[in-house]
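For reference, the structures are reproduced in the following blocks.
What follows is chain A paired twice: with chain B in the first complex and chain C in the second.
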Partner chain A sequence: MSSKPLTHSDKSLTIPARFDQLRRAGAFVSDMAAAAGFEGLQLNRIELAVDEACSNIIQHAYAHRPDGKIHIRVQAERGRRIVITLIDTGEPFDPEAVPVHNPEASLDDLKVGGLGLFLIRQTMDDVQFEFNVPGLGWGQPKRFNRLTMIKYL
Partner chain B sequence: MPGYNTNVMEIEVKSLKKVDVIAVSGRVDSSNAANFEDALKTSLARGRHNLVLDFSRLDYMSSAGLRSMLAALKTARQGGGNVVIAQPTERIVDTLKLVGFQSLFSQYGDVLEAVDSF
Partner chain C sequence: MISSLNVTSQRVEGQSTAVLKLAGRLDATTVGQLERALTDAQLSGNRVIVIDLSDLTYVSSSGLRVLLTGRSNTRKRGGEVFLCSLRPPVREVFEMVGFTAVFTIFDTLEQAMEAAAAVSRG
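After this line comes the complex of A and B, so read on.
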């Protein structure tokens, strides 16, 4: 290993779409984020976004289908930003159809849904959902869903 | 390196005179939030509507755990009780703030203070 700090790193991890993999996914992205220069609570926030996004895919896109996979790609640009891309081949969903959590609602008015998506949007600077993206061949799936999350330092 | 296959969480429930103290340590995420929710529901089902959540050793909580807390708070308030938090770690305070829960759950510096609030 060179002692010279990397300015850009690009790594991928594919996990089975199971809840017991959430910690592994979070740790993988957190380590990359730390190397990019994120620290403290920012790391907690990045881990939360990845956890919530993966949980949604496991629960909704794959509905706990045992052969489901999540491909996680992290591009870390040291001192600048982290780009996290999650790819799955499960069912698309409409993020607009999810009730929006209102952090100022009273207890009586609070709905139980929407917390995960809210956390993703709160903790990341840029969030983009794409569904049914056509693959380009080369062993790629025919169609996939892609979530891109970007956070700047 | 410890395996990432198990998401470690421990729960300990202590029944005091007026209050159940539920200490949760480690991580609460979608893989184990059901256990956390079971502990909350068990106390509430026994008519114990005053709950202190001891978060002094809780490192991480995702929306799965937050949802369980919200459900417990609703039940507790309906029963004339409350759910409060003792000694949350910095990460947990941050998570609670992100979703606006700091206005729903009172936070205390330690378990004793939280118990005395009832």
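After this line comes the complex of A and C, so read on.
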């Protein structure tokens, strides 16, 4: 069989849920995205989505709880796509309940989460929030929240 | 930790204008520096604040909110905030959220300074 091998990579990083870890998270994902073939503005969009998603988890899911952790998994398929999964065990929140940022509307009263969520949806191709997902045991948390973001090349 | 944002502030002689130059990354960890510089520039009685973004490589929603608040506070005092020299990654984020229609943005610092001088004279 002679076909060009698809190169997959699958790596994870767990960070404390603190703002000083945002750049570490962004760099971790960016490096894998660059290896998968993303470049320039695309890389910036991916880093921004991870930054905004982690910021929301730090501020809202954990409300700056010092022991909170964010688990980041990146599955990169070179030349095709990157799948970024963020897992936290903080408070679930309903993204539908966050006012949607409207670029046409008055910007005098921007909602914190609204702008971040808006940017996540603008920069990624597919965004899925899941809350209170039951764990499978074996040392996993009983319930967790999962955000899956996909970007295609 | 070495800060990844550098904010320098300059007062224009003979005008009530301050120029803030941002270099690096404007995100949740660095917005405090910009907030302080904006407050200082406002408290010093500057009518116009020109923010030079030519060396800003990254902005997140935290940075956008501080810029927006700085603009509203300055306008409440009858002043203006002008931005200039946005790099492509920063400009793209501004476009996504509709900020290009909200802020007065100039391509170059020279153009922003001319506009600031006109406001200062008026």
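Just so we're on the same page, the second predicted complex is superposed on the first by the 139 of 153 C-alpha atoms of A that agree within 3 Å, B and C clash if a C-alpha of one lies under 4 Å from a C-alpha of the other, contacts with A are read in each partner's own complex, and residues count from 1 in each chain.
Here is the rule we use: a residue touches a chain if its C-beta (ideal position, glycine included) is under 8 Å from a C-beta of that chain, and two chains touch if they have at least 3 such contacts.
These numbers come from a predicted model, not from an experiment.
Chemist: Once chain A from each complex is brought into register, does chain C clash with chain B or fit beside it?
Modeler: clash
Chemist: Which partner does A:R24 contact after superposing on A: first (chain B), second (chain C), both, neither?
Modeler: First partner only, chain B.
Chemist: Figure out whether A:E39 sits in contact with chain B (first) or chain C (second), or with both, or with neither.
Modeler: neither
Chemist: So in the superposed three-chain picture, is A:G116 touching just chain B, just chain C, both, or none of them (first/second/both/neither)?
Modeler: both
Chemist: What is the contact status of A:D94 with respect to chain B (first) and chain C (second): first, second, both, or neither?
Modeler: neither
Chemist: Based on the A-chain superposition described above, do chain B and chain C contact any of the same residues on chain A, and if so which?
Modeler: Chain A residues touching both partners: 19-20, 22-23, 41, 44-45, 47-48, 51-52, 55, 101-104, 107, 110, 112, 115-116, 118-119, 122-123.
Chemist: Applying the document's contact rule, which stretches of chain A touch chain B when the two form their complex?
Modeler: Where chain A meets chain B, its residues are 19-24, 27, 40-41, 44-45, 47-48, 51-52, 55, 58-59, 101-105, 107, 110, 112, 115-116, 118-119, 122-123.
Chemist: Give every residue of chain C touching chain A within the complex, in rising order.
Modeler: Those residues of chain C that touch chain A are 1, 4, 25, 27-29, 58, 60-62, 64-65, 68, 72, 88-89, 92-93, 96-99, 101-102.
Chemist: So in the complex, the part of chain B that touches chain A is made up of which residues?
Modeler: So the residues of chain B touching chain A come out as 4-7, 27, 29-31, 60, 62-64, 66-67, 70-71, 73-74, 77, 90-91, 94-95, 98-100, 103-104.
Chemist: Residue numbers of chain A touching chain C in their complex, please.
Modeler: Against chain C, chain A makes touches at 19-20, 22-23, 41, 44-45, 47-48, 51-52, 55, 101-104, 107-108, 110, 112, 115-116, 118-119, 122-123.
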